[in-house]
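For reference, the structures are reproduced in the following blocks.
One chain, subunit A, appears in both complexes that follow, with subunit B as partner in the first and subunit C in the second.
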Partner chain A sequence: MRGVTETLRSRLWQAHTAEWWRTMANVSHDADPVERVVELHLPSRLGYEKVAMDAAASVARRMGFSADRVDALRTALAEAVTNAIEHGNAHNADTRVLVILTVRPSELVVSVADQGFKPIDKAQIAPAPSIEDSFSRADKGGWGIWLIRELMDEVEFTTAPTGGNQVRMVIHLEKQS
Partner chain B sequence: MLDDDLSVHIREREGVAIIDLIGDVTTFAEEKITGAYNEVSRRGARNILLNFRQNDYIKSAGIAILIGVVTEVNRRNQRLAVSGLSQHFQKIFRMVGLAQYIDIYQDEDEAIRGLTAAMT
Partner chain C sequence: MHKVSPPLSIKLSIPSEFGYERVVREAVASFARRVGVASERVEDLKTAVSEACLNAIEHGNAQMPGTRVDVNCVWENDVLMVRVLDHGLRRYAGHVAPCIACKVHGEAPPRGMGLYLIAQLVDTCGFESSPDGGNVLYMSMHTRAMA
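Showing the complex of A and B:
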């Protein structure tokens, strides 16, 4: 009986995952046909964010972004993928993080989506943290989303049609510093 | 490739306790960094240098770890400096506010000169 239950649970999960990918694929492929799109499907395991960082950096360099903007992109993307692995997908080995890099003439759009085990904490999105407050708090974290906002030109947090978290980040080519 | 890539070593130079941080500073680094800081403090260090090397990557979790070290440094009236950070991470240290509490030097030699000058 337990075996049957496990099999059923596994099949339900596979169906849910397949639906998630179908929906995400539709979301990602509604782009202009002239755009160039790179998709990464990453395991929900810390460390794989480095694969996304390297891929995004390679694309950004080829687009002509300066070294400091590439560094900013790497840091922002690392934070977004780490959030997806740790929070959105809760380290579940059966889940994936979807990273979509969309190359446009004057910008690079980077979307990170998880499978939404845990919705993003809206309270973490808005406020700018203060280091002085951190000194008196046991938890000195909470800098990730703030860093993403500071380093990217546009940032939007949304919920995917499947219920997962999505972060859409844009970095503009003309804003070289 | 994807696992914990940070090596931490302690040494002393001209009265400065140096903690070499070689590799990426991520969630996994807390025990190593706070352990090294506690060890040099136990040995009586007043001037501490976090010497970053080959740091491709410092995450927000790593920033939180460093804020934890700064909290203790302030409480114990120690002096904390960093060296070897890339321009990008120097900028992030300034954005976060860490630069108000940590002296930032380009390399170890410059940090030793700065810290020893402050001792006299």
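Showing the complex of A and C:
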């Protein structure tokens, strides 16, 4: 019985993942001639957010962002991908995190989507958690979203086309004076 | 005792434009470091991956606007396998050992070393057939020193 359940569960995961890939494959590329898109699929395992951070930093440097802004982007992206791995994908090894970097003449749009096994807690999107609440938490966490809002120029929490959680972050390229 | 590691993978897709190979280079290097490739070998891999992407952009996709280069990296059983896929607008395969002396003396173009270089930098490399007709260049690297 256990064997059957395991097989069934594995099939369900596979079906879900396949559907997710299909939906994601329909994302149009370079629809706008001045827009360039880099897509990155990551395993849901802590540590691999580094791959997204390094890829995004490379894009941002290429666009001409200052070292400070590149660091801010790295930190915000680390938080967003970590949230996707820990919460949205609930550490499930069969799930993936999709990071899409859209390069525009005056801004970089970074979107992070998970497979939504756990919807994002609306209370977490609130402007800032209280420090007292954080201290009472075992992990002392809960500051990720606040941090993302502090670091990025625009932040939006939406539902991905696949039904997962999606965070869309925008960082503006300031004109050199 | 040999520990069999579960496969881990990343997928990357870039616009087929010069410059974006750097994004692939950074992402693949980051993944390689994560799975335990020694740092000097990561540098070799970065060079090989850059060359492979440049070939895909320049030859496989013939610098056609709107095309893409896809890169898949899989780490399984202590082997990191990187595949670079293009649209195959132009086929290219095999590597000809270049006449280095000719290049140094300016009698041959300085470019055209990509595949030769890749072969020197990774453990194995070659071309695979692709169902949709694109070029698929694979490169592999062991993540632990061979005893």
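We adopt the following convention: the second predicted complex is superposed on the first by the 146 of 177 C-alpha atoms of A that agree within 3 Å, B and C clash if a C-alpha of one lies under 4 Å from a C-alpha of the other, contacts with A are read in each partner's own complex, and residues count from 1 in each chain.
Convention: a contact is a pair of C-beta atoms (placed from the backbone, for glycine too) under 8 Å apart; a residue touches a chain by one contact, two chains touch by 3 or more.
These numbers come from a predicted model, not from an experiment.
Of the two partner chains, subunit C is the only one that A:Ala93 touches; subunit B does not reach it. Within the superposed three-chain model, A:Gly144 lies in touch with subunit B and out of touch with subunit C [touch as defined at top]. Of the two partner chains, subunit B is the only one touched by A:Thr75; subunit C is not. In the superposition on chain A, A:Val37 makes contact with subunit C only, not with subunit B. Once chain A of one complex is fitted onto chain A of the other, the partner contacts of A:Arg62 are limited to subunit C, with no touch recorded for subunit B. With both structures placed on the common chain, the touch criterion links A:Gly47 to subunit B and to subunit C. Shared contact residues on subunit A (touching subunit B in one structure, subunit C in the other): 45, 47-48, 50, 53.
If you check the complex, the residues on subunit A that touch subunit C are 29-30, 36-43, 45, 47-48, 50-55, 57-59, 62, 93.
For subunit C in complex with subunit A, the residues that touch the partner chain are 6, 8-15, 17, 19-20, 22-23, 25-27, 29-31, 33-34, 66, 68.
Only residues 1-3, 26-28, 57, 59-61, 63-65, 67-68, 70-71, 74, 86-88, 91-92, 95-98, 100-101 of subunit B touch subunit A when the two sit together in their complex. Touching subunit B in their complex are the following residues of subunit A: 45-48, 50, 53, 68, 71-72, 74-75, 78-79, 82, 130-132, 134-135, 139-144, 147, 150.
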